[in-house]
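What follows is a pair of complexes built around subunit A, which joins subunit B in one and subunit C in the other.
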Partner chain A sequence: MNSVLKRWAEIRRYPSAIAGMMIILALVALSVYTVFAIPYRQAIQLWRGGENLWIENPRNAAPAWFNLFPGINLPTTMVIESQGSPERKAALDLDGLKEVRIELPVSFTFDGFPKEISLFLSARYQTADPYITATWITPDGREIVLADQSIKREASIRLSQDTRLERRLRGLSAEIGLFADPNRQGEPVPLKGEYRLVVDALLFAPGDDLDAKLVVYGQLHGLAGTDHRRRDLTIPLLWGAPIALAFGFLAAIGSTLSTMIIAAAGVWWGRWVDALIQRITEVNLILPVLPILIMVGTMYSRSIWVILNVVILLGIFSGGIKTYRAIFLQVKESPYIEAARAYGASSLRIIFRYMIPRVAPILVPQFVALIPSYVFLEATLAVLGLGDPILPTWGKVLDDAYTNGAIYRGYFYWVLLPSALLITTGLGFSMVGFALDRIFNPRLRGL
Partner chain B sequence: MAKAGTFGDRQARRLVRSRGASTGMRILKYTLSRALALLATVVVGVYLTVLIANMGGHVDEIRRSAIREQAALTLQLNQEARLLSAEERNQILNELIAVEERRLGLDQPFVVRSFRALWQALTLDLGRAYYMTSDSGSRQVRLIILERLAPTLLLFATAELLLFFLSVLIALFLSRRYGSWLDRLIVALAPTSAAPSWFYGVFLILIFAAILRWFPFGGMVQTPPPQGTLPYALSVLKHLVLPASSIVISAIFYSIYSWRTFFLIYSSEDYVEMAKAKGLTSAAIERRYILRPTLPTIITSFALTIISLWTGSIVLERVFNWPGLGQLIYRAIGSFDAPVIVGSVVVYAYLLALTVFVLDIVYAIIDPRVKVGAEGQTS
Partner chain C sequence: MDTDALLQVKDLYTWFELRRWGFARVGYVRAVDGVSFELYPGETVAVVGESGSGKSTLAKTILGLYRPTRGEIYFAGKPVHQMKAAGLKEYRAKVGYVQQDPFGALPPFMNVRRILEEPLIVHGVRDRVEREQRIHRALEDVKLVPVEDYLSKFPHQLSGGQQQRLVIARAILLEPRMIVADEPVSMLDVSVRVEILELLRKIQQEYNLGIIYITHDLSTVRHFSHRILVMYGGKVVERARARDLVRNPQHPYTQALLAALSDPRAENAHTLKPVPPGEPPSLLNPPPGCRFHPRCPVRIEGLCEREAPPEVETPQGAGHKALCWLYHERGEKKEEVAM
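Right after this comes the complex of A and B.
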C-alpha cells in the first residue's frame, strides 16, 4: 500500500500522466454511462434497425452545435405534427361527410435551406379513401399546392422527390423552392418568417380522422450528426467507447499475461521447453499478423470477439517473450526463489507466486502502452471492411465515412468525430504509459 | 523484432565460448546451426501460411463448386448437348468436371497438395494465381508480385529511410541538448505515435487534398499518365508526398524519443565522462564513444527497417489507393487467392530469415565483446 502511494506521488509529478489519467477516467465514465443509458440490445437495434427507425432524421447532417460558431445559422430538424396539438386541427361535419383542416406552423429563421422536406399522413377510415389537398403558405402570402390526391392509411409524401412540384418551383427542389425568396435573382436565398402548411382533407364518414406530420430535415442534427443511413452518430460514438476500452484492455491483458506466463515457464523448466518456446516465437515473427487477421475476418468470422481471441493467440509468442525471458533469467537465480525451492514449493507455485509477481510491476508501463495499439487495431480492421457486423464502433463510423466518400463530399464531421475520440483514447493511454515507463524503469529516470 | 539480434548475440557468445574446437570451427558450427534453425522456422511458418491461406482446404471446396458451376453452364449453352438424355448429360458433366479438376490438380487430397505448395513456395516457384491477373494479363504470381513491388518499395523506402535518418540525426542532436525546450517538446509529442500511419493519412488527405487542394487524394500517378519521363516522375512525386509524410509523422516523434533515450543512456557511461574530462570535442565524443558502441543496435534496426519495406502497409495503401503489395495482399485475401498470399509471405519470410542470419554472423564476427570472449577461452 505504501509503495503504491509512493508511486502515485511520483506519477503526480508528470502533468502529461495526470492529463492521460483524466482522459482514461472520462472514457471509463462515458462507457459506464453508455452501457446503462443505451443498453446493448437497444444500441444494436438502433444501429442495425434500418431506415424506418430513423425516418425523421436527415441524411448526412452535421452536428447541431455547428450553429454555435459565429456566422453559422443553419436549420436543424423540425417536426411539426397535429397529433397531440388539437388547436392545429379543425373539423367540420357536412351531413355524412367530414372536413378536416390541419394547420402546421413552420417558423423559419435560418440562413440556409433544409436538407429535405416530407409530409407524413396517417388516416383512420372505414371505407372510402380520404381526399387531401396540402397547401404551402409563405410569409409573403403566396400559396403553393403541394399535393392534391386521395391517400391510404399511411402516406409519405416526399416533397423533395416530387419532380412536378420542382418544375412548378422554377426548377428548384422543394426544400429550396418552398423557402426561397422570390424577389431575389441568382443564387436562391431563404425567406425568413412564419410559414404554414394547410392540409384540407375530405373524409367520407363521420368517425374518420386524419393526422399530419411535417418533417423539415435540417442540415444539422443532434450531438454528433447523422450518417448516410440517417442514423444518429451519437449511438456509435458513445458505444465505441466501451467497445474500444474492452477490446484494448482484454487484448493487452490477454497477450501480456499469457506471454509472461509462457516466458516464465520456459525459463523455469528450461531445456526443451525453453527451446520450443524460442522456436515458436521465431516462427510467429515470420507470420504476418495483419494479413492473418484479415484472412480470419474474410474467411471465418468477423465477430469482434473471435478477432480478439486470434489477436491474443498471435500476441502470446510475440517479440516481447525475449524481453521477459531476459528478466526471468535473472529472477530465477535470486535467493528468494532458492528459498522457495528449499521449502518444497511446486513449480507452478514458484512461477505464479514468486516469479510473475516479481516481474509484473516492470511490465505495467508496457501493458498500458499496448492498449492504444489494440484500440487502433480494431479501427484498422474496421477500415478494411472487417469490422464487427453488428457492433457500432468508432472504426465502423470511419469505414462508413470512408466508403461513402465523406472527405470528398465535405462531410468532415463524419471523419473528425470518431478520429478525435480514437486519438484522445490513444493519447490518454500512451501518455500514462510513457510516464509509468519513466517511473518504473530506473535507467530512464530523469531522462 | 529488434530483439532477435540481441538474442542471437547471446547465443553466439555461449556457442563461441564453448570449449574444444577452434574459433573458425566454432563460427562455422554456429553458422550452420543458425542456418538450420532459421530454415526450419521458415518451413514451419510458410506451411502454416499455406494452411491458413487455403482455410485448411476449404478454398478447394470453393474452387470445386466454381468448376461445377462453370461446367454446368458450358453444357447448358451447348446446343448439341440438349438433344442428349439426362443420364448422358450428367455423365458428360462429370467428365468435364473431372478433366478440369485434374488440370488444376484438384483431384489429389489437400494434404498432398499442401505439401506440394510448401515445396513450390520454398523453392520460390510461386506458380499461378487462382483468379487474379497482373495488369499485363499474366496469371504468374511472380509477375503479379513484381508488378506491385516497385510502387511499394518507392513509397516505403522513401518514407522509412527518411524516418530512420531523420530520427537518428535529430536524436543525436537532442541528446546533446538534453533538457532544452525542443527536447521537452519531442518527449511530449512522443505519445502521438500511438496512432498508425493511415490515421494521420486521413487527416493529411482532409487538410491538403480536400480543403487546400495542394495534393491529390490518392493514387500513384495522375490519369491519364503524363507523357515523358520528367512529367511522369513529377506527377508520382506529387502523389508520393502525402502517403510518405503520413508514415513519417506517425512514427517520427516516438522514434526520435527512443533513439534519444538510447543515446543518453550510453552518454552517461563512465568512459564518456572520462572523455569529457579529457577535454575531447563533443563531435569526437559522439563519434568515438557514443556511436561506436551503439552501432550494432543501429545496424540491426536499419536492417529490420529495410525488410519491413517488403510488406508495405495494407491500410495505408488502401487509404491512399496506392497500387502496392499491401493492396495486392488485401485483394488476394478477399478473392481467396491462396498462391498470391503464400507467394508474398514466403518472400517476406526468406528476407527476414536472411537478414536475421546475416546479422547473427556479423555480430559474431564484429562485436568486440564476442571476440574477446572467444580469444580468452582459446588462449
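Right after this comes the complex of A and C.
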C-alpha cells in the first residue's frame, strides 16, 4: 500500500503522465457511457441495419458543429412533418370525399444548399388510392409543382432524383433548384426566407387520412457527421472506444502474461525447455505478424475475437521473452526461491507465486505502453479490410472513408475524427507508459 | 548404521559439471568431495572453513536442493538420496533452512502472514484457524511479539534481526526435527548476532532439534556448537568436540585458522583471516595428494604431495580426527627419516 502511494506521488511529478492519465480516464468514462447508453445489440443493429434505419440522415454530411466556425453557415438536416402538428393540416369533407391540405413551413437561412430533399407521405385509406398534388412555394411567391399523382400507403418522393423536375428547374437538381435565387446569374446562390410545401390530397372516404414529412437533408449532421450509408458516425466513434480499449487491453495482458509465464517456465526448468522456448522465439521473431493476420483474416475469420487470439498467440513468443528471461534468471537465484524449494513448494507454485509476482510490477510500464500498439494493430487490420465484419470500430470508419475516397472528395471529417481518437488513445497510454518507465526502471527496484 | 542419529551423511560427493558453450564438458567442480558425519537430536554440529570450501553445497545437498553425485544421506533412518518427489516433500517438512541473507530469503512482495502461511499451504494445512494458530506460535517462539504488530508488515519494514527471526519462524513452522543454518548471522549487525544464536539454541532445546550450523565465525562457534567439522577444499579435514578443536587444533589448516584468529594485531578478530600463504585449492583441478599441501608449513615431502591422507584419530582421542599424514604411522615414519 505504502509503495503504491509513493509511486503515485512520483507519477504526479510528470505532467505528461497526468495528461495521459486524464485521457485514459476520459476514454474509459466514454466507453462506460457508451456501453450503457447504446447497448451492444442496439449499436450493432444501427450499424448494420441498412439505409431504412437512417432514411432521415443525409449521406456524407460533416458534423453539425462545423457551423461554429466563423464564416460557415451550412444547412443542417430539417425534418418538417404534419404528424403531431395539427395546425399544419386542414381537412374538408365533401360528401363522401375528403380533401386534406398540409402546409409545411421551411425556414431557410443558410449560405449553402441542402444535400438532398425528399418528401415522405403515408396514407391510411379504405379502397381507392389517394391523389395528391405537392407544390413548392418560394419566399418570392413562385409556385413549383413537385408532384401530381396518386399514391400508395407509403410513398417516398425523392425530389433530388426526379429528372423531369430537374429539367423544369433549368438543369438544377431539386435541392439546389428549389432554393436558388432566380435573379442571380452563374453559380446558383440560395435565396433565404420562408418556403412552404403544400400538399393537397384528395381522399375517397371520410375516414381516410394522410400525413406528410419533408426532409431537407443538411450538409451537416449530428455530432460526428454521417457516412456513405447515411449512418450517424457517432455510433462507431463512440463504440470504437470500448472495443479499442478492450482489444488493446486484452491483447496486451494476454500476450504479456503468457510471455511472462513461458519465460518463467523456461528459466525455471532450464535445459531443453529453455532451449526450445528460445528457438521458437527466434523463429517467431522473423515471422511477420501482419501477413499472418492477413492470412487468417482472409482465409479463416475476421472476427475480432479470432484475431485477438491469434495476436496473443503470436505475441507469446515475442522479443519480450528475452527481456523477461534475463530478469527471471536473476530472480531464480534469489534465496527466497531456494527457501521455497526447501520447504517443498512445487515448481508451478514457484513460477506463479514467487517468480511472476516479483517481476510483474516491473513490467507495468511496458504493459501500458503496449496497449496502444494493439489498438493501432486493430485499426490497421480494419483499414486493410480485415476488420471485424460486425463491430463498429474506428478502424472500420477509416476503412469506409478510404474505400469511398473520402480524402479526394473532401470529406476530411470522415478520416480526421477516427484518426484523432486513435492518436489520442495512443498518446494517452504512451505518456503514462513513459512516465511509469522512468519511475520504475532507473534502478530496476533492487532486482 | 547408527540408529540413534538424526542425520547420517556417508561418503557424500556433490560435483558440479562444468561445461563450456553449454555442452563441451570441461570437468567437475568438486564442491563436496567425500564427506561423512552424523548429527544427533539436540546436537549442534558446526561446519567451518574458508570461502569456497563447499559448506553451502554440503548444506544444500543435505536439504535435497542438490542431488548428490555419490554417497548416502539418511534422515531418521530413511535414505534421502533415493527419495522421490513425495518422500522428499515429506522430508522437507522435517528440515528447516535458515539462510545467510534474511532479506533475500523473504519474498519482498509478501507480508509476514503470507510468508508464514506459504509452507503451511504447501504442506496441506487447509484449516485457516489452525494456520493462524501455528503462525502465532512460531512468531511467539522467535519473540516477534506482539504478533499482531508484525502480521501485516512486509520484510523491508523489519530490521535485519527481525527479518532473521522471521526466517527462523518460517523454518520451525512445520515442526522440523533438524535445522540447517547457513551462516545465519554473518550478515547481521554484530549487536544482534548473539541474540539470534541464543534464540536458535533456545528453540533447539525446546524442540530437541539437530542443528547444522555453518559459519565463518570461529570466535563464537565453540559457544554455540557441540562438535565442529573443518572443511577444506570439499573435504572435512578435522573434526572434534567444539572445545577440543578450538583448544587443541590438530590439522595444520585449523591451526593456521586459529592462529590468524588470535593474532593480536587483527583489527577484526571475529572474521576469518586468509590462511597464509597461498590460495584456496582449485576444486576443478585439485592438487594431487593432500589438498592443503601447497600451503602447509609442515608438509612431509614425498608423501603429502603424492597421496591423499586418510582420516585418522589424533593423539587427542575422544573422536578428535584429522585428515592428515602427520597422525598416521606412515607419516610418523617419514618424519623420522627426514630428521
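We take it that the second predicted complex is superposed on the first by the 442 of 447 C-alpha atoms of A that agree within 3 Å, B and C clash if a C-alpha of one lies under 4 Å from a C-alpha of the other, contacts with A are read in each partner's own complex, and residues count from 1 in each chain.
The definition used in the following text is that a contact is a pair of C-beta atoms (placed from the backbone, for glycine too) under 8 Å apart; a residue touches a chain by one contact, two chains touch by 3 or more.
As the structure is a computational prediction, the values presented were derived from the model and not from experiment.
More subunit A residues lie in contact with B than with the other chain of the pair subunit B and subunit C. Legend: residue contacts after superposition of the two complexes on their common chain; A:Arg12 is shown touching neither subunit B nor subunit C. Shared-chain residue A:Glu282: touches subunit B; no touch with subunit C. Applying the stated contact rule after C-alpha superposition, one finds that A:Ser373 touches subunit B and leaves subunit C untouched. By the touch criterion defined above, A:Gly426 lies against subunit B but remains apart from subunit C after alignment on the C-alpha atoms of chain A.
Contacts of A:Met295 after superposition: subunit B is touched, whereas subunit C is not reached. Contacts of A:Val415 after superposition: subunit B is touched, whereas subunit C is not reached.
When the two complexes are overlaid on their common chain A, residue A:Arg153 makes contact with neither subunit B nor subunit C. In the superposed model, A:Lys322 makes contact with subunit B only, not with subunit C.
Those residues of subunit B lying in contact with subunit A across their complex are 1-4, 6-7, 37-38, 40-42, 44-46, 48-49, 52-53, 55, 58, 178, 187-188, 190-196, 198-199, 202-203, 205-206, 209-210, 217, 261, 264-265, 311, 314-315, 318-319, 329-330, 333-334, 336, 341, 345, 348-349, 352-353.
Residues 334-336, 338-346, 349, 353-354, 357-358, 361, 446 of subunit A are the ones that touch subunit C when the two sit in their complex.
Listed in rising order, the residues of subunit C touching subunit A in the complex are 60, 63-65, 88-89, 92-93, 95, 97, 99-101, 104-109, 118-119, 122-123, 167, 170, 174. On the side of subunit A, the complex with subunit B involves touching residues 16, 20, 278-279, 282-283, 285-288, 290-292, 294-295, 298-300, 319, 322-323, 369, 372-373, 376, 379-380, 383-384, 398, 402, 407-408, 410, 412, 415-416, 419, 422-423, 426-427, 429-431, 433-434, 443-444, 447.
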